[in-house]
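Two complexes come next, and they have one chain in common, chain A, joined by chain B in the first and chain C in the second.
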Partner chain A sequence: MDTKADDEGNLPIVVEFTGGLELLFSNQRKHQIALPSTDENGRSANLAFLVRYLCQSLMTGRRKDMFVTDGTVRPGILVLVNDADWELEGEDQYELKRNDNILFVSTLHGG
Partner chain B sequence: MPPTPCALCNASRALIIRPKNHQKLCKACFISLFETEIHNTITANSLFSPGERVAIGASGGKDSTVLASVLKTLNERYNYGLKLMLLSIDEGIKGYRDDSLQTVKRNAVQYEMPLEIVGYDELYGWTMDQVVSQIGKKGNCTYCGVFRRQALDRGAARLGIKHVVTGHNADDVAETVMMNLLRGDLPRLARATSIVTASAASEIKRSKPLKYAYEKEIVLYAHHKGLDYFTTECIYSPEAFRGSARTLIKSLERVRPSAILDVVRSGEDMARLVPAEVSGGHRGGKDVIVNEGEAEGDGGCGSANGRASGGEMADMEKQLLENDGARDNETEITVNGHKHDPNCNKSNRMPKKLRKQQMGKCARCGYLSSQDICKACMLLEGLNKNRPKTQIQVSVEEEDSSPTLTRRMEGLTVIPGHQT
Partner chain C sequence: MDLPNNPVLRLRAQIASLEGVLADLKTQLIDAEAYYNQSASAKADSSGHLQIQTFSSSPFQPLNHHEKTFESLIDQLDLSQEDNWGRSGKLTLQEHTRYGRQLIMPEIGLRGQLRFKNAAALIVGVGGLGCPAATYLAGAGVGTIGLMDGDTIELSNLHRQILHTQKWLGLSKVDSAVEKLMERNSENHYVAHHCNLDQKRAVETMRKYDLILDCTDRPSTRYLVSDAAVLAGKPVVTASALRTEGQLMVLNNPPKSLDNPGGFCYRCVFPKPPPAESVLSCGEGGILGPVVGVMGVLMAMEALKILSPLHPDHGYQDPTKASCDPIPPSLLLYSAYSNPPFRSIKLRGKRKGCPSCSDTATITEESLKSASSDHAAFCASTSPAPPPNTSRISAKEYSKVREATESPHVLVDVREKVQFDICHLKGSVNIPYSDISRDPEASIDKLDHAISDGNSNTADGVSLYLICRYGNDSQLAANTFKTLPRFQPYAKYDFKGDISGGLRAWTQSVDPDFPEY
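Let's turn to the complex of A and B:
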């Protein structure tokens, strides 16, 4: 019935980190992940949930504050949803779809 | 959400929302508009002349990589007639600069530009690795920043080039405006907001064509054009952006995206109110300000931009306290235009004292300086005095850096409006 999720109720998506953020995630730019299709409260998985999920399940570095402050993505980090600025997609309320590509780029590092 | 159409072509899907005006653009329109605006900045300020040889201060990071790419594009599109080349500084930091220099070398091939690399070791006899092994990690960004400014000038001189462009963006300028506002450093505020800085002694002009470009758009430009740039933070300033004025700027942008350019414009307006004797004197033409290489940021590191180093908000609080006791016998210039109300005499609203800039040449190296000995030579003197005789002493130095040097450093940094 559910065309969005796989058999285990997970959404396959690609998450990428650049601009220095990869240091927090196994020093690896591209991650293929299976995100639970619903959040803690049973609602469809959105970007806010993805960010929480990444902090809990994918982050290897200790400097969580480099990625998240005050419960949301740190100012100075750009979020692109399938190459579009997340501001065009409803920011952290954007509901993830199968095979989405989410890119986090830090602009805080040296230029 | 249905896809938003591009505000310009109305055909493609909008991927970018511009921070300064919320305009929603497709990739092609964004790239074209970004380039056109840089072109407008260049022509409005007459930054270049035909046939001019221009060195791009290249760190391999996003800003200078975008600058090189855009200048190449514009030079060809509008026939500027510029001879562009890349000038890189090798600070001598193993595992950091080695990698970023590889990026610059690839850029030289990609953009078909000659590349010149000047090293701290050949210029000063010290690599940053050696400096850090002597003084420890604390305060090393000061050395790096001071050395870098001279290094770009010296590299350009070696190439016979009189114009160096750097990748300073609107966020960098806004950050510097904020810092100097908080410090009450009007001379530096004036220099930092100027798009062109020239120094009488070195004859090397500096300019920042990306001055009005948002860092966010620079990163998006690099992303959408697929540019090859390097992003690892300098290993000696891993916390460089923590508690910094940078964080403040980024938080402002999150609340109101136009804030960054607003701060830049406010800085420019305030700079216009600074008397020429204070800012270092105008040299013909508008928006040209003489400097001794200090205008670009605050001697931080992590990039050729000399971005302010971390924790400076906390440092500044300390400095401001110290400054209260640091009023020495400076040449006094009263900023006019402020009616003095005799009834206010009891309050603290005294006219701000500003130090008059007097430029000369460093007695040791000949570099432009307001002191007999320039900042780099002062730092080198301290380093050379304490150069360890054997390798074993290096580890002992780690914790306890030279007290004389530390004292000298404090003298160099705490006095407001004081250029050394």
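Let's turn to the complex of A and C:
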């Protein structure tokens, strides 16, 4: 696991998964990652890029459809940027900053 | 003998136990009648009219019982109107004592207690969330508590559904809850709804209540509770729990009305239902009792806060005034094994064009009643059925394979290791479906190892069977395996089939001693 970000243009961020999503990511809730600060096209890394990056680099489970459908996080998952709904922050266009905390919450239904 | 699995013995035990309770109640009634008759005649003898004991023994002049020596906030409040069930607002002497510990809290006070007494809360689902929520609402003196559930009590409910006990196995959850809540507080009125929430009657039922607690356990009901509550104009406390985590939200608070746009609803947060295959129930995912218990207790607290909002004019002065400000839309997360375990996240709130709660809402009472908004279908529509695995055999057929000495084979159990360790069929090899789906090739390597370590039967064409708990994952595993070269005809493995119904079917049709969990 990456604990320290390098200074070569990588953003140190914390990514967390709850509500069962952690099962897709080595059954680990909290990941400290160094996200490339620019995406495939050289634009600043945003949440859309983070989601692609997580699918490629961090996901260990094969059930990608439990996380992403139609190119974005599936219905029933909330994405939180520093504990606030990403819809308050520009959704997948939000540009990540150093030390951001991104939380993916899958809804629970048991009771 | 295992009581719960034998209905005759179980029912006999329940009847014996309930007859014991009944006999006890009859004895209590005889005692109570004797005591009541005695004391009533004693009072009538001494003064000619009934008087309150503590007053007649005071050192002051005997009082005319029409004259009051005290006044209370009741005199200033207009709480004289009757509620849906004909209850009006005043506290009895006994109620002063019963609620004394919360009555002296500035957040509650007499005003709050009277509001509780005149309030009606509907608890939808009397399971892991509903039991603790109902217990605290009943204890707090919420005057009318509706309990809705169509289910009966199973042995696997008891580790978390704290109102239900062994002697009620097989009986109605609602009846069990009413009985226990009456024991706690018989001052309240309990309304039994022996059914699950029904689209046709949901709004009408909710209109009789002030507040709805969504203690249900599936997505379709969560949408229905929210939709119906918005239409009925009632706030909703909703929570859920699975494995080690819980979530809680307060919806439609304040309720939508003609002059108030109202708070956000469930659809504002989750406009689209989750794909059905991503939804786990407590039976599949597991649940820890205290986790769902904590969520139910938190629901009760949120309910009390809504029923008796802090009032700056009456008694309680909040120095920060924070609680009088509108509450920002939020979702509370509880994760028992995380640090910190509690976390509140800020939600976007009301969604423009929400089909349920916006100005342009399309869900109406009529559409809810008609089949056009079938909530079960709405939530199931995104679920593609798993492609059927054509080679399946029944548990009975497989038991014959095991009996035949000339049919050496390998049985792969695809449950998670924790379940395999609880109990498995002798000789079976554990390769969890989660591993198979992640890396099918590596899991076949693991199978190769397990077979060559265990015995000499490593020739090509080993017969292979798959099993899981209920027969779903074994089917998915079969579909995954069948695409691999090592499973093609004349290759190493000769895939015979998966056992339909899984180990549950094994218990039911082959070996009743194999534990069901």
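We take it that the second predicted complex is superposed on the first by the 101 of 111 C-alpha atoms of A that agree within 3 Å, B and C clash if a C-alpha of one lies under 4 Å from a C-alpha of the other, contacts with A are read in each partner's own complex, and residues count from 1 in each chain.
Keep in mind that, in the parts below, a residue touches a chain if its C-beta (ideal position, glycine included) is under 8 Å from a C-beta of that chain, and two chains touch if they have at least 3 such contacts.
From a predicted model like this one, the values you see are computed outputs, not experimental measurements.
> Could you tell me whether chain B and chain C fit or clash when both sit on chain A in the superposition?
With chain A aligned, chain B runs into chain C, so clash.
> Just to be sure I read the superposition right, which of the two partners does A:20 touch: chain B = first, chain C = second, or both, or neither?
both
> Output check: A:76 vs chain B and chain C. Expected answer is one of first, second, both, neither. What do you get?
In the superposition, A:76 touches chain B and chain C alike.
> Is A:9 touching the first partner chain B, the second partner chain C, both, or neither of them?
A:9 contacts neither chain B nor chain C.
> In the superposed arrangement, does A:90 touch chain B (first), chain C (second), both or neither?
first
> Name the contact category of A:61: first (chain B only), second (chain C only), both, or neither.
Touch status of A:61: second partner only.
> Of the listed stretches 277-285, 295-303 or 349-357, mark the one in chain B with C-alpha atoms clashing against chain C.
Of the candidate stretches of chain B, chain C runs into 295-303.
> Considering only the contact definition stated at the top, list the common interface residues of chain A for chain B and chain C.
18-20, 23, 74-76, 78, 80, 83-85, 87-88, 103, 105-111
> Given the complex with chain B, which residues does chain A contribute to the contact?
18-20, 23, 74-76, 78, 80, 83-85, 87-90, 94, 103, 105-111
> What part of chain B is in contact with chain A in the complex they form?
My answer: residues 1, 4, 13-17, 24, 27, 59, 61-64, 167, 169, 171-172, 215-216, 218-220, 223-224, 231-234, 240-241, 246-247, 250-251, 253-254, 301-305, 307.
> Okay, in this complex, where on chain C does chain A touch?
125, 127-130, 215-219, 222, 239-243, 245-247, 269-275, 278-282, 285, 287, 292, 295, 331, 333, 335, 338, 343-348, 382, 434, 437-439
> Could you please specify the touching residues of chain A with respect to chain C in the complex?
Chain A residues touching chain C: 18-20, 23, 29, 60-63, 65-66, 69, 74-78, 80, 83-85, 87-88, 103, 105-111.
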